[in-house]
Structure formats: C-alpha cells, structure tokens
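Across the two complexes that follow, subunit A remains constant while its partner is subunit B and subsequently subunit C.
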Partner chain A sequence: MPQITYIDSDGNKHQVELPLGATIMEGAVQNDIKGIIAECGGSCMCATCHCYIAEDYLDKLPEMEEEEDEMLEGAVAPRTERSRLGCQVRISNALDGLVVEIPQEQ
Partner chain B sequence: MLLPPLFPNIPPNSIPMKKNVIIIGAGHAGIQAAASLREEGFEGSICIFSEDADFPYQKPPLSKGYLDGSQQKNSIMFRSETWYENNQVELKLGELVEKVDVPQKTVHATSGEYAFDFLVFATGAYNRELPIPIKGTDQPLYLRTMKDADYLKQALDQEDVQDILVIGGGFIGLEIAAYAAKSGKKVTVVEYQPRLMQRVLPPMLSEHFAAKHQAYGVDLRMGVGVQDLTQDSKWLASLSTGETVTADQVIVGIGVLPSQVLAQEAGIRCSNGIEVNEYCETSAAGIYAIGDCALHPNPFAKGQMVRLESVQNAVDQAKAIASTICGKPTSYHQVPWFWTHQYNLKLQMAGLSEGYDQLLVRGDVEGDKFSVFYFKNNQLIAVDSINKPADHLQARKWIQASYTPDLEKLADDSIKLNEC
Partner chain C sequence: METITEQKFQFNPYSPIMDSDPFPFYKTLRDQYPCFWSDDVNMWILSRYDDIKRAGVEWETFSSSQGNLVDELPGRSGSTLGTTDPPRHDRLRKLIQSAFAKNNLMHLMDPTKELVTEVLDRVLEMGSFDFVQDFSSQITVGTLFAMMGLPDEDHHEVRRNVILSIQSDQETRQKGPEHIAGFKFLTNYVEDIVRQRRAGPKDDLISRLILAEIDGDKLEEAEIIMTSATIILAGVESLSSFLSMMAYNMATFPDARRRIAADVSLMPKAIEETLRFNTSAQRFKRVLTKDLEMHGQQMKKGDFVMLCYGSANRDERFFRNPDVYDLERNTRGHLGFGGGVHLCLGNMFARMITTIAMGEFFTKIPEYYISVEELNWNPSTTFRSPVKLPLTIGK
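For the complex of A and B:
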C-alpha cells in the first residue's frame, strides 16, 4: 500500500499507509489527521478538504476537473499551485511517498 | 514520562468546563456538537446515544456515492474510532433513549439511567410512511439509514429487478431514480405535486430536472397520487388517474417528520419540530435541539420559524450550541445551503428562495451550467447553481453579508460575478 505523510494543521507529521483508490480526504479522516473537515463527505461541494500537495508529486496527480478548480477558488486558506481538494485525489501507486500539508483553516 | 495534554486546544488561561453533556443522536448534528465542544475546550464528559447501531456515518452519500458503489462504508464515516477515544467522546451505539426527565436532569436508556448538566437533542428525522393501503408479503423500500441503503442497493442491483417505481419526486426519490435509470432500469416516478421538488425549486428548475430524467427514459407522472399498492408476482400501484403501474420494486421518498416524541413526552415545547430560540435552546433551560429536529427562527427566512433538513444546518447549529455551552452565547445565523446530484446535474443551493418576487438567470442553461438568482424587495435572498460551484460560493458570501449585486451587471454574462 502506498505510504503517505500528512502534515496536519498543527504542523505534526503522520505517516500512514493508504489502500489504492482511497482519497486523500478519506485517508485523513480515517487516520484522524487534524484539519480536514470534509463537511460534504467527498461530494466536491464544500471545499473543507483543501490541502497542499508536495511540489514533486504535482504531475503525478489525477487531472483537476473544472468543478474542483472552481471550488478551490472559494477555499478559506490561500489557493496556490499546490492546492487540491483532498476528496478529489485518489491514491495510486505513483503517489507512494507523497507528502500532503493541511492548511490551518478550512 | 510527560504525557501530552489531553485537550491541546484549550487556551492556557481559560477555565475548563467540567460538566456532563449528553447528546441524543449520532448524525451530523450530534457528532459535530461533540467535536466542537472539544475544540472549544470543553473538559467534562460527552456521551452520545445512538439508536442506530452502525458506527456513525454521513447520510448524504447513501443516495449518491454509497449507492453507486464509488464510496464504501469506511469512506463515509464521520471520524475514526481513535478520534472518539482520543477526544474522550463516549459512543453508546444501538442504544435508544427512552425517556428524558427534565427536573431530575436524567435520561433513561436501554442500559440504565444517566445524569446530565446539558442535554442536546440531535434526534434528526424519520421517513414519512405512505398513508395508503398496502397488500403484500414485502414492504416498499425507504431510505434513511445505512441499513436501508444496503438493502436498497442489493434490491436495485438484482438483474431480474427491471421495473422500478419511485413514489415521491423530492431530492432523495429523484437521486435514487437517477441511479436506477443510469443502471439501465425502467423507472417510473409518481409525484403528487404538479412538478418535481416543488417545495424548494422554481418551475424553471423543476422543468430542467424533469427534462434530464426524461432524457434517461424515466416516466414522470406529476400531479398524480398512488391510491393503493398490491404485491403479487409484481407490485401493482393504482393511481389517482385510474391507471396502474407495475414494478419489481417500489421505493418511497415522500419526506420526513422530526423525531420529537421524546422531547414532547418530557414536556418540552414541540410543534413541527422541537421549538428552540436563536441559541437553539428549547423551552427547558440547558436543553438544546439542533439539526433536522429543530424548529428554529432563521435570520435568512426573516426570523420565521423553520426546520431545515441539511448538513449545513446540522453542522452550524452544533457549532453554535457548543460555543454557548462553553460560556460564549452564540446565536445561529449561517446561510442555509444544500446540494443534490442527479446525472450530470450538480445543484447547489444557497439561501432560502421561498417568497421571491424576482428571478434572474445567468449562464448557459442548455449546457447545464447556470445559476438562478432570487430577489425579494430588491434584496438577494437565494441562489441555485447548476454545475457552477464558483457562483454558489460567491452567493454564500453575498447572502451571509446581506449584499445585493447590481442587477444590470448580473444580467451581463461578460461581467465577472465578483465584479457585480
């Protein structure tokens, strides 16, 4: 199973293994990572699963749909080129070793 | 060994609260109340009773991702088991609260009697049952819990189940109809009102959704009632028009009623829901009601008493009472919002459109990408967006701030929304 490191909203690191196909948001909720709220349960409707992806993995991510792009514009923490919605990124083998940072605000 | 502080979020010089909170119900409202209490630094005990024995989960995916198989059980739970342990939130799953004694400040549950300082009704709502004669060995299907969803999915995914009758053209009935139609089933929807989702949508949006369902082969019968249901080798439904519909499965989604009997029997004031003030406090001091069960004065309905059945309402009311219990009286005043998915249509609603006197459409209606803006007395009161999440988020900000955009600019698609 791919290994993912979350840096939670307090700056603490958590290394976890996630099953293929799980989303970054689900992995955070199941592993009790502080800072991901996921109010809409992964429907790309709330932008409270905003996270920052480590630079070197950006090109390995599934492409962003227009919907996610628009929702990110409304996220509370500043949007950067590393911004994604955790519920829209599924874990693949290519993401083994990924580091995901959770913003302080959702 | 130095142990980490139990609740690291407590500001250093706040006075920790050491009282007992009992929460009845482990849906969005109950779980958020527990989480927000801890975030606010509440140090007393928190115990949640849930009649539902399943580990606490979110309901919206039950008619969406969970039904179509894209989301699994563990991807729709609110929190992990360790979260409850680490935050000392006690879960009593599969335990019904049978009685609340207001003067004694106790609840009676299956396993005994428990004392509280604060009590939170987060009891939600239950499905309205079809008020017609039903003859058969089986019952029509309803959807509210994970168990219902498991049963429904298993029933719908059977190959010999081809003809589906959905009674009720509201959100849940239509999401199920969309799933069945996409899976290649022959679906009939019978709706008593003259159009779909009439209670909350204007005619143009009802029609937009109706056209989409019809494009997927759904047979819509509007303004029609079902008079009785008989099960033989198939279900047979007789309609108010004199026609009949046959089906392998019948699914009913005709709305919900607030779970308020417990409160009522405890002498707490109830009507269409447990009545609360702007702090979500009931007629009994220290006892709150939040979420689907709470009849509350809503600032976005001009202070009228309303009951909202949405994640937003449950979550934001929970946050408000958590602050209040922690000594910072906080009234509930968040913009209502809601969403539904049917086929490629993702509808997001912000504000309450009831009573609008003017409406403006912006965007590409044929391309399923547009928003409807509602005004009352020249003030923006609500926005419904189809596949326009940016409009929805902008609308939430505007309505929360009581801002009304310039109508002429709004009508001009070439002007960006945030410049209106």
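For the complex of A and C:
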C-alpha cells in the first residue's frame, strides 16, 4: 500500500499506509489527523479538507474539476499552487511517498 | 379475560412534548426501534448516527426531490437546494456557494460587530428582555438583509412571516392556512425583489441567480424565488434559533458560560458542542428511490423517511456521554449542520455571526438567568426553538 506522510495543523508528522482508491481526506479522518474536518463527508461541498501537496507530486495528481476549483476559492487558509481538497485526490501507486501538509485553519 | 398490554411506543412529532424535549423519545428509538414506522407522521424514523450519516451520503437512495421539511411548504420541492438531488443540485449550489464561502463573508464582520454593539446596548438598558425578539432575531435579520441587499424597513414583516412558515398545526398535523399564507408572503416578497433586480441588477445574490446559467439554461423563475425564500427562511429563523439555543444552554450550564465569558477564544468549541448537543434543525425528510431493508424492517420505494439529526448527535454509539454538554469534547463528525451533499449552505455564515454575536454577548453579560419557569416552544416538526426566551441580567 502507498505510504503517505501527513503534517498536521500542529506541525506533527504522521506516516500512514493507505489503500489504493482511498482519498487523502478519508486517510486523514481514519487516522485522526488533526486539522482535517471534512464536514460534508467528501461531497466537495465545504472546503474543510483543504491541504497542501508536496510540489514534486503535483503532476501526479488527478486533474482538478471545476467544482473543486470553485470550492478552493472559498477556503480559509490561503490558496496556493499546491492547494487541493483532500476528498478529490485518490491514492494511486504514483503517490507513494507523498507528503501532505494540513493548513492551520479550515 | 383481557390483559393489560404494554402501551405501544409512539413517535409523534406533532405533540408539544416533542417540541420541548424530544431527547427521551430519541433514546427509545435508538435503543429499541432504530427503524421505526410512525403512524402519526406516516414515515419511517431513523435515529442512529451511522444510519443518518449514511442517508446523507447515499443521496441516490435517500432522495430530497420530494421535499426535505417534514411538513413541506407548497412549491419548494424540486426548486431549492435542499429539495433537489445531484446533478442539478450541485450546479445550483455552485452558483450560490461562493457567496457563502468564508472569504466572501469577511465584509460582513464589521457591520455585524456594529449591529451587535448597538443591540446589546439596548438590551443592557432593559435588564430583563426576550432574547429571541430583542437580540437574536435583530442580529440575524440585520445581517441577512445586509448580505442580500434587502431594505431595512421590511425587517419586522419578513420575520413575522418567516416564523409562521416554519410552524405546523398540531391539531390538523399539517401546515395551516396561516402558515401557508406566511410562506406565500415571503415568496411574493422575493418575487417583487426579483422583478426589481431584473430591471436593474445589483452586485447581490438574487441578481446573480437571475443572470446565472446552468448548461446554457437560465434558472427557472420558481428556482430563483424558492431558493431565495429558503435562504431568507434559514438565515432568519435557523440562525436566530441557533443563537437562542446557545443562550439557553449557557443559562443552563453556568460553568461553561463563565469560562467563555472569561475567554472568548472558547467560542468555536462552544459553537460546535451546541450544534451537537441541541441544534435548532432537529429533523429532515427524504424519500426512498428503491426498496431498502434496515434493522430488519422492509421499507418500500416511495416511502418517506425522517432523519433525526438531533438524535444522531446524542447517539452513545458514536459520542461518549452524549447527554453531557462538554466544552472539551471532540465534536468532529457531528451532524448539527447535516452532512453529505446537503450540508448546510450557511454553515460558515452561521459560525461567523454566532462567534461575533454570542462572544460579545457573554463578555458583556456574563451573568444571566431564564426569568420564567417554563418555556413555550415553536410548534414545528423540523425545527426546535423557544418562541420566547425571557432572560434577566444578573445572578
């Protein structure tokens, strides 16, 4: 299973293994990573699973849909090039070793 | 010889006791009848956390297309966010969502603070006051009108009709003529505003709905009107009731109140715990799109299902000591704003206004008590809130 490292909203590192097909948001919720709220449960409706993806993995991510783009505009922490909603990124083998940073605010 | 049989359990959302204290009924439902058919309201009742959460995610089975209010208002089904399913729901929501995103609400913060100060000054002078009339509804009507660009002089009339719209008749077990008339007033009111905005669009939500297109089609007139009326309904009543529930809780739990008064940075925790403990939106409705078995009960396609969010938030299978109001609790996963695709559109708006309004309220009024023995609760199958919350400042 691909290995993912979360850096939670307090700056603590958590290394976890996630099954293929799970989303970054689900992985965070299941492992109780601080800072991911995921209020809408993965429906791309709330922007509370905002995270920053390590730069070297950006081109390995699934393309961003318009809905996610719109939601990210409403995110609380600043949106950057590395911003994605965790519920819209599914784990693939290409993402093995990924580091995901959780902002301080959702 | 006849034997005395155990009285049959009933779940009647039209009874006044359900308005004042539904929680013991919820517990019986969760423990003994997790999938219960209620003859009183002619629908299935779901009450456990996992089931409600599931219904929110599985929108294809638990459809909102035939209304989401337990007693639906005429014309809403299929024309608002809460009463449509994806994909149309998602497109409609996208049009409206950005207006409710946190960074687009920041401009409301300063006017809200000013309004809160002004309203609080009046309340402080009164000493004894009705929190609903004199505080919470003043704040929510004021901020919502500012957000939607509606004229101030209409505050009173709009609020009066909003209250009527959310009520149901306890005798006839449906919306009465006065409730329908209240909602009719609101839709006519919005219709007028829509006409004005068509003639001269402004930079506001209603103008945006008029100009918007989904897949090349303009929104239907009914969608614009019903969606706007629902936003007014929720913004005025749900939010005002939420503030009232928070004031009520803090009258009941003075230790928590004093902690917040001494440190307003606890407000976010207090808000989440209040959303879990007894938020105003208690129950919503769905219709099944296929046969479904749950907890040994066979439900049929076309059956209505009531989702008791207020019960899910007290489910001991999910929250430890759920009947205790605990500022230190991890509230993650609570369903105070619902969940899934229909998660409350105004959740950021509500949190922001509540943080400002109640933070200031507790700071200026750290000591108060409820001045009556018993509260009167709104007769509503969906919402729970006191008609009046008479408070007196002091110990």
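As a convention for this text, the second predicted complex is superposed on the first by the 106 of 106 C-alpha atoms of A that agree within 3 Å, B and C clash if a C-alpha of one lies under 4 Å from a C-alpha of the other, contacts with A are read in each partner's own complex, and residues count from 1 in each chain.
The criterion applied here is as follows: a residue touches a chain if its C-beta (ideal position, glycine included) is under 8 Å from a C-beta of that chain, and two chains touch if they have at least 3 such contacts.
None of the values given here were measured: they were computed from a predicted structure.
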item	value
When subunit B and subunit C are modelled together on subunit A, clash or fit	clash
Partner chain(s) touched by A:31 [first = subunit B, second = subunit C, both, neither]	first
Partner chain in contact with A:97 - subunit B first, subunit C second, else both or neither	neither
Subunit B versus subunit C as contact partner of A:23, first or second or both or neither	first
A:67 touches, of subunit B and subunit C: first, second, both or neither?	both
Partner chain in contact with A:45 - subunit B first, subunit C second, else both or neither	both
Partner chain in contact with A:76 - subunit B first, subunit C second, else both or neither	second
Colliding stretch - subunit C into subunit B, listed as 3-11, 111-119, 183-191 or 363-371	183-191
Residues of subunit A at both interfaces, subunit B in one complex, subunit C in the other	39-43, 45, 47, 67, 70-71, 73-74
For the subunit A and subunit C complex, residues of the former touching the latter	37, 39-43, 45-47, 66-67, 70-71, 73-76
Touching residues (chain side subunit B, partner subunit A) in the complex	8, 58, 60-61, 64-65, 71, 74-80, 82-83, 86, 311-312, 315, 339, 341, 346, 348, 387-390, 393-394, 396
Subunit C residues within the subunit A interface of the complex	53, 56-57, 90, 93-94, 97-98, 100-104, 332, 337, 339-341, 343, 347-348
Subunit B-touching residues of subunit A, taken from the complex the two chains share	10, 22-23, 26, 29-32, 39-45, 47, 67, 70-71, 73-74
